[in-house]
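Down below are the structures I want you to see.
Below are two complexes that have subunit A in common, paired first with subunit B and then with subunit C.
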Partner chain A sequence: MAPLPLALPFAALEVGHHLYWQLGHYKIHGQVFLSSWVVIAALLAVVVTGTRRLERDPRGIQNLLEFLWDYLRDIAREYIGEKAYRDWLPFIGTLFLFIFVSNWGGALIPWKVIHLPNGELGAPTSDINTTIALALLVSLAYFYAGLSRKGFRYFEYYVEPTPIMLPFKIVEDFTKPLSLSFRLFGNILADELVVAVLAFLVPLVVPLPVMFLGLFTSAIQALIFATLAAYYIGEAVHEEHH
Partner chain B sequence: MTSWLLLAEAGATAGSPEGGLFDLDATLPLMALQVVILTFILNRLFFRPVGRAVEDREGYITTSRTQAKEKLAQAERLEADLREQLKEARLEAQKVILSAEQDSDRLYREALAVAQAEAIASRESARRTIDAQRADALSHLQADADRLADLIVDRLLPAS
Partner chain C sequence: MDSITSAASVVAAGLAVGLGSIGPGIGQGSASQGAVEGIARQPEAEGKIRGTLLLSLAFMESLTIYGLVVALVLLFANPFS
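Right, the complex of A and B next:
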């Protein structure tokens, strides 16, 4: 392990260090799971308190949850289409909520207070494993959506409108998860790094605007990820009108 | 900054077997599994109940709206009906008033005619009675006068 060039008592930067947990033969990144559990717990806590008593006149958290539901339904309905969106709303919604809460959690929760023996806590989405996992799930989802709805006619999509498109569409199947995962990963990691570097150089006040910008980017990234996932699924279930 | 990233990467690739930014391991499938499980949990706890609540409300609002519209239409129909009835009743009332006025007028005229006829008849009979009595009285007077005249003549003639 290369030693860090600077070892100041505050705001030291660690990139690419992980807290390894051994699981049989495999190693996993403990810090990612720890922070993702916090995120999931927060999400579930809000959901459970909000849906404990659903009423016709919404009160308290139910309003928030209904707003979120409506928002996610609009995304799913707009990009997947009226016919199939109901099946995919939970998936799109979970992607959005998980990424959004992860990103904001990474930015808002003071993780640095908790000291780990190696690596550091942060947004789960700033780890490439998480984003690739999400992106591959999206790939699986749109393949499954297309195949289950259209059977093998799904592959007509590759030669429409002309067979010349075939190589491009095949390449697209690889670039979609790649771009999804790296966009999210890059944005969130870069945001964390920029904040960390600024905090490292000027610990007071100066990082604040960047932090706000980071919150904005985080929300946008969650929206982009969910929207693109919905769009890909919509593309796969779309029926050409001959 | 770059140097740290490079160092981190260099550390990952050259030196030790672990670490680095692009360190893919069993975190990936486990995270995917975790997200899938989260999807099912959220579907059960969030998307389905909230969706049901929202759609129930939408249905409730739609049915209430249609019901309200139906009731409004019914009320309007009733109102028109009642207006029609009211108009008819007014016409009826006017007719009744008119006929009653005519009736009373007629009755008045009849009563007046009867009374006038009675008055005329009684005046006539009274005049006739008066005339008869006057004639009677006159004849009496004439008779008395005649008698008196005879008496005077009788008295005066023997005396002379």
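Right, the complex of A and C next:
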């Protein structure tokens, strides 16, 4: 790890310090795993308790879950299309919920009370590995969606409307996951950094509005990630009408 | 890291965010202008316009964030050190 060019004590903010776990030949970032397990456990707990006793008139958690389901179904239907959205609703919904709960969990849960030997707990999505994994999943998903629905006719998409577009469309396949992952990672890390720097300068009250702005942008980022995933899948399964 | 590399990295990090925020700033301004005009002309469409505006603002914002990612890499994970 490079020493910081700035000697500023960044409010105990540790960018680039990780809790390493050795797994075979790989060094993995333990703090990301710990916080994402918390996120997964929270999501599972809410979903399981909400769907244990289904009622005709939804109340409480079931009501919330049905609202979420409606919301995600509208996103999926709008961008993927009437025909294929049912197959992809679980994927889009999982992406949205995981990213949303990660972002908000990173901001709302007081992780600082738990001391790690190295690195610090935070939103799992503020680690580039998490976001790249999610973005590559989206890439695989839209290739699979296109190939399974259209077979090799999927590759006609690359030469439509003209074969001149071929290089651009190929480059696009690489820039899609790149921009997806960098957007999410940068936004979440930027939120955390801004809050940390402000809290370092003025520890009281002043960081609060920025924290709320951070909550807002992280919710929007979750929505954008899910929307773009749906849009890419929709683009892949879209049938041209001749 | 020798001092010239760290000086260049800090300057480059500042430039990455500073220059990278010019374009998205202009873009966000003109997008908001369009949205405000749309709402003024058709107040009943406000909800839909607001949703689309927020989504597109976030897209433009991500361009600045790319600059920020470059700046963060230069400051905290410098490949030339």
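Everything below uses one rule, namely that the second predicted complex is superposed on the first by the 231 of 242 C-alpha atoms of A that agree within 3 Å, B and C clash if a C-alpha of one lies under 4 Å from a C-alpha of the other, contacts with A are read in each partner's own complex, and residues count from 1 in each chain.
The working rule: a residue touches a chain if its C-beta (ideal position, glycine included) is under 8 Å from a C-beta of that chain, and two chains touch if they have at least 3 such contacts.
As the structure is a prediction and not an experimental result, all values here were calculated from the model.
Asker: Using the superposition described at the top, determine whether subunit B or subunit C touches more residues of subunit A.
Answerer: Larger number of subunit A residues touched: B.
Asker: What is the contact status of A:190 with respect to subunit B (first) and subunit C (second): first, second, both, or neither?
Answerer: Only subunit C; A:190 stays clear of subunit B.
Asker: Thinking of the overlay built on chain A, is A:132 touched by subunit B (first), by subunit C (second), by both, or by neither?
Answerer: first
Asker: Is A:97 in contact with subunit B, with subunit C, with both, or with neither (first, second, both, neither)?
Answerer: The first partner, subunit B, only.
Asker: Identify the partner contact of A:215: answer first if only subunit B is touched, second if only subunit C is, both if each is, neither if none is.
Answerer: It touches nothing on subunit B or subunit C.
Asker: For A:227, is the partner it touches subunit B (first), subunit C (second), both, or none of the two (neither)?
Answerer: After superposition on chain A, A:227 lies in contact with subunit C alone.
Asker: Answer with first, second, both or neither: which of subunit B and subunit C does A:42 touch in the superposed model?
Answerer: Neither partner.
Asker: So in the superposed three-chain picture, is A:54 touching just subunit B, just subunit C, both, or none of them (first/second/both/neither)?
Answerer: So A:54 only meets subunit B here.
Asker: For subunit A, give the residues common to its interface with subunit B and its interface with subunit C.
Answerer: The answer is residues 1-2, 4-5, 15-16, 189, 193 of subunit A.
Asker: What part of subunit B is in contact with subunit A in the complex they form?
Answerer: Subunit B reaches subunit A through residues 1, 3-5, 7-12, 15-16, 18-32, 34-36, 38-43, 45-54, 56-57, 60.
Asker: Taking the complex as given, what residues does subunit A use to touch subunit B?
Answerer: Interface residues on the subunit A side: 1-2, 4-5, 13, 15-18, 20, 23, 26-29, 32-33, 36, 40, 43-44, 47-48, 51, 54-56, 58, 62, 65-66, 69-70, 73, 89-91, 93-95, 97-98, 124, 127-130, 132-134, 136-137, 189, 193, 197.
Asker: Okay, in this complex, where on subunit A does subunit C touch?
Answerer: 1-6, 15-16, 179, 182-183, 185-187, 189-190, 193, 217, 220-221, 223-224, 227
Asker: Residues of subunit C touching subunit A in their complex?
Answerer: Counting only subunit C, the residues touching subunit A are 1, 6, 9-10, 54-55, 58-59, 61-62, 65-66, 68-69, 72, 75-78, 81.
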